[in-house]
């Protein structure tokens, strides 16, 4: 295990042409394990149930992750207080606990710690640049105190807010990555991926890309458009992608949030390990060298990325001791027709059935055509009331 | 938390009409987390990575499980040595470690410890009743030494081998549950579910039912047939079901093993939490009071069972603190059209899309029409060779 | 063209081991062409628009049909007067016109004329055996006067009514075929296919089988069960099948009537010509030598049957001049990738996409669990009123 | 019935804001009836089997068509002689017979006769403008001699060839319509729909739009783009659309030819009558007043268009005497749960199942990335040889 301090930094690795493997999304994985509540999606588990968060970090490390992202998604104070969400820990406690856990596990292997900030309800509610930046700074103070290795501004629907975040993060002198949760159609105000990327690089981001909201192939396509934009502008950057582990061919510009299945019926869309290997290959071929995941990723998905790129990285992850490449573990299966599946072309060609003959293969996305600044998106600290819900139910029903 | 020893036993609970919630399948869950190898499916993680096994036990306990099954699936010595599988721990070490972990976590809540044995390669290879029974006894010695609360004989394709297991377990004086991995068509020799159940009860089983191989609704149907058989024979028993968390409408009699997607492309078939609530309700209505899961179950699936039967059990599980019933956590979501999903009828009616328009909804199962005693199913200690695999690949390709 | 009178009769052909190809269902084909009204499904077009009926007969003849069935489905007087259906022709006029058209076209080739009767509303309304038989006799008088070559009693849901029909038809001395519209589960009172067939043979039928209600493979399976029953009873018969041209894997015992798509949204279920060739082969292998079609069959479907059995029959139909076997006509296509489809294994392996990603692959059948004798099925001469429809709409909505 | 000569011309109707209903595609409809060979797709049936062509004209007339297109698709001499296609009639005989049939049936109702030319193998083989124009002129001579009411240049993949056709047709002084077989991505050389439309109008077309190759909604979208282009250029035109009756969500720019199911396994994609009503409504709302169909359309599809626009047109077609609006004919059905389907909202909401659980909902289109001028597309008069086919089969297999 590498001694602390001796590790190469994120930019050193990327500059050297190395592949950096990210981790998966913690909120979805820990929701399934019983430690995160869908709806608020806040990360109090870092303080409340550190053993669960530590275990998930460890699984991603074993699977090949080179980055432990602090579990601080939506850990800004304004988000923690949203719509009746009650917490027994302060934002500072949560952020600090998350940093300690990430560092502890990073030290068990060849991984860096990245502190992350994400979009704020304050921006959607049209607060000023100063107010929004103050929120980022508050989280950042913890990251600096805990001395994370680099910073990530992630999950932004509007490039403007992401620029503000990058500016704040950049001031620390640490390397800065910035990822929007957009697809090929661009941000919520219609700024194209290429233009978004240029603006983020100009704001100071060393690494740009996308995370969440869309499936792997869509994200690779979007980052390719970003790369083309940056190169056309004569700028330089590294590229990253941390997509969903869900197939989303039916998404509109706002991504999987708008799918009727979000967030409690996405199961049929989960990618197989073989589809993840395809994603890793396509991302690598597109010149994207920071390859990770977001919502829906389980440790075995990250292991698939690491296995696909084992030659390029010169290493197999620890967890591959428990996995035969391309299904070769099945050579040990009792039944001969299952042993016959122990090979690459079997799994590459398979079109997996859904097992749900009464269900369709695509959905029509919801979405009421509103974004930042619209009254319906204003933040509210108190719990939503039944009176507030009724018209929403009616509006939704009328659309179906 | 209940003090050890004060807990009611499994039969005491069932006799009193209580619902007992089982746990989920450990091999599949830990495979995704990087601690179990698909193919051999052996449980050495109990000794190798106890923290990972402990964490999974804890998640099921938080989700509402009343039973911690020792992670001893396929931990018989003959299975551990199968087809080139190499282990650094002895069967005894693994079985003991598994007992300790189950007991440690059971003591953190209202759960019992169950020691489990399952079908053996020796039976498939036509070893004698004595030889097979000796294998069960070896595992049993550990369970008795570690003083588990009750015993489960599970995952048997042939009722005859299950009867032998029950006879061995029954001799200990502890309560015995027995579950076959069969569907409505009965065991691999065509013995009907009703007849199987009668034979297991006569062999000494207190609780009978099915586990693995089929989806929840198919399992409820199969156990209902067992119950009808037992009642028709004038016998008495308790009933249990621990199905897959995968939809398997296209299975033939041998279950999901034969589906082309087994075991690496089953993702689209995973049940949602709402489908699990339906399952729990149907099982309960069918008079099945021991309700758990097998392969594919994650902690949130068990929580769904516990939430559906919260009224009957008089308690919500701890993990429900992180879950709004029927999606009510979405009342806190930023986007109004997602808040509109915070209600029961929305999720009950939703037909989740697969997100895979190039894939079908059902598959044609494999299966070469052989079972116990056939040369192709004989156990082999050495690794399968390339020469042995080639004809299997060709045979499989010719069928597609 | 064969001179009238010189043709071999139906039994002569079947006794000699010849394959006899039937025609397709006229009501569905003519509904699409604008001459039959869905709902009443009555055959007044024979009198109203003889050119349209003649043209369809001719197309089936060109496609290889050896039998021209008189277009007299639902042409019994009690059916013609049902629920507000108004007609400008008498039953006798319609039946006579239908006989003339069938004979005219039969004389243009090697085809026989078959006069057909089918189930009556009188039976469902519990009229007596005498009353029901009188209805059959009235149609029969026309068939005898017009000297059809043989008789078919088809589309019966209850074997009892079919027996009555056979008894009436048999009295004429002409050969009698009898087909029920049932599947493997048997008739609406649960009489098995084997038992049904035995009763029909005993009543006097020379040829027995099924028509309508189920897809080709299901019908082949059902007739195979009939054949097994007849042989087990030590009786002798010929066998026939005239299935739907729609896939119906999701049907319950009452067939495609109960599918939510009946009758106006069945398009996605239509069989391809290649699937028809498979059907013809399977039927032939099962020992069924009278092979035709029912609702959904277009002339090209019958041609596919004739092409599949060209070797056995020693002849290709006239319409095959406009069809390359197994797609060979595509050798002439301008685009090379379409020329690459000019071969059998391409079409045999193809799994045709639905083009409907928002739709499921199966439906849940309706069906209110009622049959003969239930008040809801009583015949009514007057048009259904809005007051009568309202409770039906409400009952249906409550079930979805 | 209107006396000949008293009928309003096509432009008179469109200028007055009337809806003009086209007919459906004859080659696909007559292929199913046994009179056209798939592959060459030539219209010799007009001379060989006039009764079949006349009957189809009559069915479209009954269904509401205001235009009888002469059945002269691919009736240019160079096309008739393509790749081993042998004919017993000359091009002139076929064209003349087609004109006579169209006129005969048009005179039975309120319909006009339109003479049609379509793209030529000569253009794909890079013959000169003069040579291509000569081919159009030859067909045109017949249309002028037979005095058709107006002219249609249809089914062009390249706008340049369509311009040539329009120039030739325009010289006759008759009204000219021009439709390309393109989608939203434009013609095979990438010219956008808007630009294509402007060029066609400038070449002299009075009516512009699209036909064939894409499904109804895609065609409405494409024509809307054409209309926007024409209006932006300050020009004026009428608009028409004659789409496929097949769903093609998975098409690339070359349309349904490239789908693996073309042309023998398109059945699951056929639109229902209700989907056609939606199409008619959307086309009308988009300002498209000449609304017809192409391949896949059966008479009942055209009737659905006429029924949807009955209020706007002030008339129901004759064939609606055999059709209850929105399923009202089912009020007469024997079974009460079928009577419960006799209403608009039932059919509008229904998502019809495919009945094919082993098939996907979308396909990956073929297409070898070649168009006009490529060696693989050069015309050949002799039949394709087995030696020529082999490399095509291999190339196709390697892609799957």
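The chains carry the letters A, B, C and D, assigned in the order they are written, with residues numbered from 1 in each.
Please note the rule applied: a contact is a pair of C-beta atoms (placed from the backbone, for glycine too) under 8 Å apart; a residue touches a chain by one contact, two chains touch by 3 or more.
These numbers come from a predicted model, not from an experiment.
S.K.: So which chains count as neighbours of both chain A and chain B?
M.R.: C, D
S.K.: Which neighbours does chain C have in common with chain D?
M.R.: Correct list: A, B.
S.K.: Hey, how far is the Cα centre of chain B from the one of chain D, in Å?
M.R.: Each chain reduced to its C-alpha mean, chain B and chain D end up 58 Å apart.
S.K.: Chain B to chain C: how many Å between their CA centres?
M.R.: So the centre of chain B lies 48 Å away from the centre of chain C.
S.K.: In chain B, what residues contact two or more other chains?
M.R.: Within chain B, residues 250, 351, 353, 356-363 contact more than one other chain.
S.K.: Mind listing the chain B positions that touch chain A in their complex?
M.R.: Contact set of chain B toward chain A: 31-40, 51-52, 55, 58-59, 62-63, 82-85, 121, 124, 215, 246-250, 257-274, 298-300, 303, 318-319, 321-324, 327-343, 346-347, 350-363, 366-368, 370, 376-377, 379, 383-384, 389, 392-393, 395-396.
S.K.: Can you list the residues on chain B that touch chain D in the complex?
M.R.: My answer: residues 250, 356-364.
S.K.: State the interface residues of chain D toward chain A in the complex, per the touch definition above.
M.R.: 351, 357, 360-362
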